[in-house]
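Structures for review follow.
Shared chain: subunit A. Partners: subunit B in the first complex, subunit C in the second.
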Partner chain A sequence: MKRMNRRDFLKRSLGTLAGVALGTGLDLPEAFAQRRPVKQGPIKIGGQAILSGPLGGYGNFMKMGAQLAVEEINTKGGIAGSQTEIEFRDEELKPDVAVKNARYFVDNWGADFLIGCDASSVGLAVGQVMPELNKVLIITHAATEKINEDLVYKKGIKQVFRISVPVYQDGIAAAIIAKDFPVKRWAAISPDYEYGYTTWKMFRETLKKFRPDVEFIAEAWAKFGTVDFGPHIGAVMPKEPEGIFTTEWGGEAITLIKQAKLFGVFDKAKAWMNPMGAAMDVLEGLGAEYPLGLWISCRYWFLYPDTRENRAFVQRFQKRWNRYPHYVSETGYSAVYAIKTAVEKAGTLETSEVIKALEGLSLDTPAGKRVFRREDHQAIYEVPWGQTAEDKKYPFRILRPLKVIPANDYYRQPPFA
Partner chain B sequence: MVETLIFQGLIGLSLAMYIWLVAAGLTLVFGVLGVLNFAHGSLYMLGAYLTETCTALLGGNFWLGLLLATIIVAVLGVGLECFFFRPMYRLPLAYQLLMTFAFVLIFDDLVKMVWGPVYRVPPTPKGLEGSLSILGRAFPVYNVFIIGLGPLVALLLWLILEKTSWGKMIRASASSREMASAIGINIKMLFTTVFAFGAWLAALGGGLSIPIRAVSPGMGTFIIIEAFVVVVIGGLGSLKGAFIGAVLIGLLEAYGTLFLPVFEMFFIFFLMAVVLIVQPGGLFGTQVSHEEA
Partner chain C sequence: MKRREGSILNIILILLLLVGLALLPQVASRFSIYLTIQILLLSLLAMGFNLLFGYTGLLSFGHAAFYAIGAYAAGLILKEATPSLLLAVLVGTAVAALFSLVIGFFCVRHTKIYFSMLTLAFGMMVYSLIWKWRDVTGGDDGLIGIPRGTLSIPGLLQVNLHSMESYYYFVLIVCLLSTLFLHRLVHSSFGLILQGIRENAERVAFTGISVQHYRLLAFIISGAFAGLAGTLLPPLENTLAPAVAHWTKSAEPVLVSLLGGAQTFAGPIIGSILFLVIKESIVRHTEYWLIWFGAILLVLVLGFRGGIVGFLYENVLTRLRR
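Right after this comes the complex of A and B.
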């Protein structure tokens, strides 16, 4: 810790007083405190996300969130007195490309922090090189539990944090919701890669604990980039499932819903669950074509929590980008603020100090209070599940009623057996 | 069980017809011009986006929108052939592939700039909405329409190639470019029109897909891979091969998903491998030999 001289102390006290007088301790211009910047020149954040192809929207939306945060921070004096710069590269959903990006950012561009990673495989690959690059990486989307359970907790890679919910939301929380449904026969139509398998397994295992009477009668796996779910619907429906669980996302979630409607799935099945169904791209894409009463969730939904902070964020986001924030916009935004908070707490850019500052850090974000769990660096926060409902104020479905399960009831806890 | 088999077969056929529409243009252009056009999927994507936009501009008339959109893409095809592909015929194949791949990236970004990075779900055209009951299960009316349309397009292509003088010129120049030009066929003109026609077919496939599939940037990437597999199995340059290849792949995907959900892709590539080993030119491929200049 730096020793404070009397003048510094006075200034800080004055600053705090002024802050209290203004009714907020936040948003105080840094210049007020006149601390020495932690870095000569700008603090650099290297972001990567999927920016091309059918899922390219995700990268764009994340970029919007992160950029908004950087702009806000810079107009208010930067991070600990230093201006902040952010640059994005396309991860292409390919681990090798992503590792190259990470190396470029740290070795050539001079990044102080890394954020992003959409694909789970990308998050794992970049995570594995972080001890060598020795910068803090905040993952904003990649959801595999292997990141917090294996990389951070078991292998002890301390440089990796994750601000977005892991697959616990998709599989375990879904099952806790589904246990109250009058549904005994479940089927899955899900992605033919790890995310699809893991979430279905978590869903089945959790649900079976609460409801020994349920059966899992059919599954159909759709390869990445499926444009026609006819074969999958055709394979599952003859088994007469009462509930359908799917973790299709993006354009595939939209296509699946559209085709499921035409194949009469919603007339036959009583329940439909999609943990990615409340993502803004799916809500907006389907608009009024989204059937009512489906159970959906995501990793942040713009109307939850109903707090002043969240409403203000949505408003600022709309003003800047002329659209509602996607969940990756919020996680990108909050990742940048997490960096700011940690650096200012640590008073240095030294990686080990920033890690210490982030561990256990409690952060007020648009998505609500987030705490980075010390053991596995996973941000703990709550995201609601809800049913698709109509609301005249929006040209798309909203979630109503909401069902919020306390994070500690469904996040797996260390030591992960 | 029999019902399930028949129903799954219908699903496979509808799948096949979507692939066929894309594969037809791809194989036609290859057969005549000798160009393997990766950007064919991009033309499919442009067809989808333009159909949506033109439909909206024309007051919601899907068929007029589709017609206008496919014509725009065909005209674009004329431009592409004249200014970009023509100088490439003399160069090694790798240059062509690089260039068509560059167009994939350019069109993807262009679409994102014009229409935004979001998914779009256009409505189904009037009269083809909803589903009808087949064997006691709901089947999309639109898929019935596509299953009927696919063979019609095949018939139309056959008539054009067999019965029109343009078709005769195409066949002549496909079998020998030099001979065709020696007997007075305007090869330049022919190439341009064939490429434009291929682009029109791609746009038709894209436009016809939007009532049932999400429209998104990069949507051509996945479809082009399937179309390539079909064209390789059927024999590069063979329309008959592309049609039968599409039906095979469509049915394999449908039944594969039913019986071996995790391995359905295996069958498709296994089929391709077997065909290539037993009949390297594809099922209906004459051993394609193009006299590359």
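Right after this comes the complex of A and C.
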């Protein structure tokens, strides 16, 4: 052991004293900042999702994912040394309720971050008040392109990020897949609201560019909460479409497919595309009843990518909740980790610094590498399309073969003209 | 003498409430102010509704339509035309009144369940219209980025309402003036006739009064106040979506009036306070808030006959006076 002589001792003491003096008054050296927790008390994350009504399952799935991430982070020492706390509220799919939740979280509960938002209208409404609340919001589901293109890019609301894919996946990527089909006559059976219209429009515009020979011959719009798709199928099928494009989701996607089977749609049409068809609730809901060979996708599918990280995530999720992860589980999970990474990179909870840390951040997540695009705060990552196939290992359909298009090839790019 | 004691107690209570409301921004957090604005809006909507329900005896299940029409008219003016709050509020209210005239014209020919069903149908028609008319209303994505606007009367006044506190005072003043107006209205001969119609429409008709005209007038005033409440919403939220026109929104004034006491003037106000405060407290403790909220409302509505205000009035005030 090395002995410390008097001179050394003096030097060190002075050094420490100087360090303390500097530390209190002036800019902290990097090493000092790292050792202090960024916050006294826990870092608080306010989550909101749809937790009641027929779509309440979505919120629960999202909660499971986010909860798992918080538990993992806390057992490993928290975010930058601070424990993490998460609380959930029901957004009820109502923008005014969601705005109230956001205000409660930030102004009353003391949230440092917000995550969640299922409905597009909810994402837009909450995004709109983020400059006033001045905390970072990471959207985990709401898919409208207006969030990244209008709110973030055009209006410059920098507090909003989205970790899940936008409607580009549903409309544009679908068309890039469909261009290789021997299908000329397309029809749509889709939800009678903004999401349905936008995706169908993107699909048509993109497909027409690749395939000037295709025709769009029929469309039927189903109200939110439709239980009988007979009239919609009946309106479309007599026009003899060769391909059907639908963005029905949740329980309605299940109902539509069951009824389309009864009407013999899958014998008559050559192709069926549903960008929400690979969501875990639809896969599990239909089980072996899901016809084979349909083209489906979602926002994360639990077997893709085939990496150690993703396999481990699915395993941990199953161990904790005894379920397969839904895509909203993965986006909720990754949103919490994005917060952790950004805070630790920024070394502070200061919103402007966290935003800087998130912009351009590259993140290893179960869904693969995600990069938050600087201009519009949209996470860029790949989600596969695939055909429904049977696999003895699972009580539901899996996707095989997969078709993966690089996200940068089909995401709309700024400046969104 | 006994009567006077009651009114002195009333006045003291009202003064305390007013002072509390006026001082609220000094003591409360931004969220509490926001919640209070929501309570004020619901009270205004419910008071308008209750003119028709409690005083005239007509149960409307479509008042969210007028609330939404006022809100969309105001939102569109603020967003597309001019950020003048006063103009948005006035025009929004006028548009709502106009729609009340047209819809009321068809509805007041009927009473009881037929009236309720008709208002429900018209209400959902307005909802569908807002949902479908995407070029104007933005469909289900709604109107986004509505500015709060400024309160300006040329040559007189120019107030920036950017902060939650100043907007709160604006809403508070509008609500107090409306409350005063409605209070005078229901205690005027017009209000007495409405109550007469509620008790026995035939007898009123025999005195030579046109029951339908009075019902229609009550309908228009009621719709106009619902619309006025609606115009105050978009500047608060900065966004507006069709959910405000849905029948579930129409159910709120019905519930709060029953909760507070439909036969009392203060009933809808007290009901609104309880409704939002109870919901807010439950939501903080559980995500399965609906079942608790429903159960508590059920107990309150069933347990307090005539609503909470009515119940207190009957059982406490009368006993105090004895």
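Just so we're on the same page, the second predicted complex is superposed on the first by the 383 of 417 C-alpha atoms of A that agree within 3 Å, B and C clash if a C-alpha of one lies under 4 Å from a C-alpha of the other, contacts with A are read in each partner's own complex, and residues count from 1 in each chain.
Note that in this section a contact is a pair of C-beta atoms (placed from the backbone, for glycine too) under 8 Å apart; a residue touches a chain by one contact, two chains touch by 3 or more.
All of these numbers come straight from a predicted model, not from anything done at the bench.
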Partner chain(s) touched by A:254 [first = subunit B, second = subunit C, both, neither]: first
Which superposed partner A:347 touches (first subunit B, second subunit C, both, neither): neither
Contacts of A:37 with subunit B and subunit C, given as first, second, both or neither: neither
Per-residue contact with subunit A, leading partner among subunit C and subunit B: B
Partner chain(s) touched by A:281 [first = subunit B, second = subunit C, both, neither]: first
Touched partner set for A:81, first subunit B, second subunit C, both or neither: neither
Touched partner set for A:52, first subunit B, second subunit C, both or neither: both
Residues of subunit A contacting subunit B in one complex and subunit C in the other: 52
Subunit A partner contacts - residues on subunit C that touch it in the complex: 29-32, 34-35, 38, 131, 134, 139-142, 144-145, 233, 237-241, 243-244, 280, 283, 287-290
Touching residues on subunit A, where the partner in the complex is subunit B: 52-57, 60-61, 192, 219-221, 223, 225-228, 230-232, 234-235, 237-238, 250-252, 254-255, 258-259, 262-264, 267, 281-282, 284-287, 289
Residues of subunit B that touch subunit A when the two form their complex: 3-4, 7-8, 11-12, 14-15, 18, 105, 108-109, 112, 117-121, 130-131, 137-140, 142-143, 209, 212-214, 216-219, 221-223, 253-254, 256-258, 261-262, 264-265
Subunit C contact footprint on subunit A (complex, rising order): 51-52, 59, 88-90, 93-96, 99-100, 103-104, 107-108, 120-121, 124-125, 128-129, 144, 146, 150-151, 155, 193-194, 197
